[in-house]
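Contents: one structure, followed by commentary.
When the chains are written out, they are named A, B and C in that same order, and each has its own residue count from 1.
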Amino acid sequence: MVSFPYGRAAFCLLVLALLSGSWLALHPAYHQKVTLTYWTFAKPHYLAYQKALPAFEDAHPGVKVDLQLVSGQATGSRLLATFWSDLDAPDLVETEISTAGSFFRGPLKDIGFLDVTDRIHQTGLWDGMVQARFSAYTTRGRIFGLPHDVHPVQLAYRRDIFEKEGIDVRQIKTWDDFVRIGRKVTIPNHRYMIELSDSGAENLEMCLFQRGGGYFNPRGECTFDDETAVQTMLWYVPLVAGPHKIGNSLGGGQILTQAAEEGYFLCFVCPDWRSKSIEQDIPSLAGKMGLMPLPVAEPGGRPTSTWGGTMLGITRKSKHQDLAWALAMHFYLDKPGLAERFRQTNILPALRSAWKQEAFQEPRPYWGGQALGETYARLAPLVPPQFSSPYVVTAKAKLSEALVACVQYYNANGGAGFEAFVRRQLALNAGQVRSMVNRNPFSQ
Amino acid sequence: MSSSINPAVAPPTRAALDRSARWHRFQHRAAPYIFVSPFLILFAIFGFWPLLRSLILAFYITNGPKSQVFVGLANFRYLMADPDFHTAVRNTAVYTFWSLFVQLPLALGLAILLNQKWVKGRAWLRLAFFAPNLMGQVFVGVLFSVLFMPQYGLLNKALHGLIGTPLDTKWLGNPALVMPALVITSLWMYVGFNMIYFLASLQAVDQDLYEAATVDGANGWRQFLAVTLPSIKPVAIYVMITATIGSFQLFELPYILLNNSAGPNNSGLTIVMYLYNNGFVTGDLGYASAIGWTLAIGMLIISLIQIRVTGDRKERAL
Amino acid sequence: MKATPGVRTARTLVHVALIAASLVTLTPFVWLVASTLKTNQDLFHYTFFAPTISFQSYRDLLRAEPSFLRSLMNSTFVACTIVSVQLFFSSLAGFALAKYEFKGKKQIMIFMLATMLIPGQVTLAPLYALIYKLHLLDTYTGLIIPGAVNVLGIFLFRQSILQVPDELLQAARIDGCSEFRIYWNIVMPVTRPMIGAFCLLGFMGAWNSWLWPQILLQHSERFTLPIFLNQFRDVYAQQYGALMAGTLLSVLPVIVLFLVLQKEFVAGLTSGAVKG
């Protein structure tokens, strides 16, 4: 060691390189021994599939499935890079609804996912599943994935505080009712009627969908500066900005838990998947929470919307496409399995016939004995469609930009000239998305 | 070598000596080429070739590395007109301004204090100020994204306790506060790092100059201007240029801090983040090359201006 | 030299300010350590340490998928290999450029200096395309080789080898040493302090590197720690405790290495700037 010419530090590094290198050589990765690799970005899905997997492996002797929990970012950009570059791709991938479109940037023949349109029609899934959920996974008339879910939206509310304040949820029919009551109970910096974001588009987009608007139309044209979008923005901004705001947001995880326990928020926008995170992250509020349909924008309007979603795609590179399809069917069609998973995740599957099972009618103590599954299933057929485009992620960012600008304007100037500003801002941001769409030489 | 020491071995023949001498001369002449070649070959393949390729690629739109379409100067035209790029340039410039005009003076001030013999525990203080630099930008980004949280984050708690700012200040959610949050983080990371440079140069200042200045009646501020500043000038210029280059290349810190995004309203978007998003999220390697060259040319111009400005002053001082 | 009372007060104030500033600087570290020793429930209830110490965060971290241990090994392997390769190539080339006169030397120097002025981001996209063509995407080799090219290292080594007296080399030549032996047995041992600094700088660079592994790696089994941690935050959004434990364990090796090499490091870090 003394005679090593580079000295002690370099010697240590060299030894460490050799040691770690041999450790890695002795511990080959698990995936080399498996038949199918399955990526999911959602931890609840991952945990639920882990339980459903042995049944599939038993039915297919010799088949080994490697279920991997991968970050949402990885299923977005990493998978895209895999598709560009002939690398080993997983066989099945679940990807988030807004990133699904980014796989459709190139010509049809270059899309890394398998075209499952024919399989869907042959197996009767087209009629068996909520059809609105296919639209986000469709490009140029072809379908490239299966919908995992429906994700209808309700509001979760603090039953205990509502009772104390004498609020009767049955009287909240429209957003106007909701806002009126919200103004009464909100105490700035201490208590807000609802958790709503003033910087990200996730809640705004939900309101936009509820009113029949969206980022793109079925032809892939950017539409978030149409009249519906303008009206939605004009209505939304005063909820989260200005002196009379009733909404605020802090962040997720333990932050949200703590805030919810302290009664900082009275209501939460609550798609089915989120009802489970609330149950798990805020156990102390068991029995103190309730669910109500989304207030409608105008009488006769849609009492729900949608937030989030997951597409299951089979990759074109998969060496076992039929087996992959069989696994997809096992996860997405097996009714007892779906019932079991519903109990674990609260996520309503896209397969309508599954909702009649007992699991979906059970009263849930956490929600004050409400039959959670039933409340969501009732709204599920009304869920609005979302249309795909390679630029959904961009559009989302641009709508967030518009929101932030409008919030700033409203905070500074109030309602004066606000409508003109909103129109200008939305047109500007949507225009940016359009110029990006027009630049793409591949989408023919 | 050992044979000449060992008496048991017969002395080498004249022919063998010749051969050995020729071999020695040959390997002496060949050695430098052999020594630089491993590096040079690697550098040519992984440094120089991509550089040439990027010049060509900048005129294409690509979908990943496989398919590409020639578009001429369209990439540069789109770049100049894209409001997102303008935002990126503005953010990068603001950040650079802060690191040059706040971070470096702070670092110099700290270095001057820690250079005073009467300050006790200098070694410990130096270590404390330098420590944050040991954490990479990614790790700092993860840590500070938690420290900046509204309601329960350490910074909000501290500020609330000290000066009563609202607990739910959204450092990373409010576009107006993202840049301050970024500057705070980078001050924490880099003041100590630059301090080390200043400290080393201060320690190298010739003490006789101070004595001469004191004899001339200069003290305090005058002494600083007349002796300290000129002596540390080469290091100051070096630190300034590296800080500028580093600021221009800012990417990981805001990207991780803002949870893999450019932040609300692109308030944390930097030029390199813009490059990354277009090249490796969208998949347009051609556009990414165009952004890279634009950045390179911008940096070159700024560096030349800096050298020019500081160089002129030097000549005036002489 | 006696200090007047005014000066004494000023000096006390400076001490107080410096100590306060250093404590503020260290606070995030203290918080980081504290946050890893709390249960998830206590994490935001207590600002720093909770009354009961819990290692739940570390257990959560070690149980997570992809494996933290594997990422640690990946990082160690990649960073140590990069530094070793860099060290060998850079010092060898630095030696040649410092102690030999040969055709093309000037051109090589100018050429390398010129490329140092161009930021690495310019070549990012074409380098990615090249690595793709060489079938090195998602491999350790693809991580290590581009990282092994360190132009700055060559100049650092050249500078410090220039100070080795020529007589030493001549004497060795007369003794019949080959040129490589001169490099290995004479030049390198003399430049050891510089090597220590170089190792730490190179190690920090490779250990903390994020962008290149981020675009290059696909499979979680080859993730380095920065990639692992960033993904961990995304996937395990609720577990700040485990996230902080991962952060702490990720920065610990660098801190240890720094404490060992501190003296050499500061000297090496500043030598280029102060002397050059």
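In this text, contacts are C-beta pairs under 8 Å (C-beta built on N, C-alpha and C of every residue); 3 or more make two chains touch, one makes a residue touch a chain.
Note that the coordinates shown come from a computational prediction; the quantities given were computed from them, not determined experimentally.
Participant: Considering only which chains touch which, label the overall pattern as line, ring, star, complete or other.
Facilitator: Topology of touching chains reads as complete, every chain touching all others.
Participant: Between A-C and B-C, which chain pair shares more contacting C-beta pairs?
Facilitator: Pair with the higher count of C-beta contacts: B-C.
Participant: Nearest whole angstrom, what separates the Cα centre of chain A from the Cα centre of chain C?
Facilitator: Whole-Å distance between the two chain centres: 38.
Participant: CA centre of chain B versus CA centre of chain C: separation in Å?
Facilitator: 13
Participant: Give the residues of chain A that touch two or more other chains, as numbers and ranges in rising order.
Facilitator: 73, 81, 84-85, 254-255, 258
Participant: For chain C, which residues are shared contacts with two or more other chains?
Facilitator: 44, 132, 215, 230, 234, 240, in rising order.
Participant: Return the residues of chain B touching two or more other chains; collapse runs of consecutive numbers into ranges.
Facilitator: 65, 152, 260, 280
Participant: Which stretch or stretches of chain A touch chain B in the complex?
Facilitator: 73, 76-77, 80-81, 83-85, 102, 105-106, 110, 189, 198-200, 248-251, 254-255, 258-259, 264, 397, 400-401, 404-405, 408, 432, 435, 439-442
Participant: Taking the touch rule as given, give the residues of chain B at its contact with chain A in the complex, in rising order.
Facilitator: Within the complex, chain B touches chain A at residues 61, 63-67, 69, 71, 74, 78, 82-84, 149-152, 166-168, 170, 173-176, 260, 262, 264-266, 280-283.
Participant: Using the touch definition up top, name the residues of chain C that touch chain B in the complex.
Facilitator: So the residues of chain C in touch with chain B come to 3, 11, 14-15, 18-19, 21-22, 25-29, 31-32, 35, 44, 47, 89-90, 92-93, 95-97, 100, 102, 105, 108, 112, 115, 117-130, 132-133, 145-146, 148-149, 151, 154, 173, 175-180, 183, 204, 207-211, 214-215, 226, 229-230, 233-234, 240, 243-244, 247, 250-251, 254-255, 258, 262, 266, 269-270, 273-274, 276.
Participant: In the complex, go through chain A and note every residue touching chain C.
Facilitator: 5-10, 13-14, 16-17, 19-21, 23-24, 27, 29-31, 41, 43, 68-74, 78, 81-82, 84-85, 87-88, 252-255, 258, 281
Participant: Quick one: which bits of chain B touch chain C in the complex? Just the residue numbers, please.
Facilitator: Interface residues on the chain B side: 1, 4, 20, 24, 27-29, 31-33, 35-36, 38-40, 42-43, 45-51, 53-54, 57, 65, 110, 113-114, 116, 118-120, 124-125, 127-129, 131-132, 134-139, 142-147, 152, 154, 157, 188, 192, 196-197, 200-201, 204, 234-235, 238-239, 245, 248-249, 251-252, 256, 259-260, 272, 275-276, 279-280, 285-286, 288-289, 291-293, 295-296, 299-300, 303.
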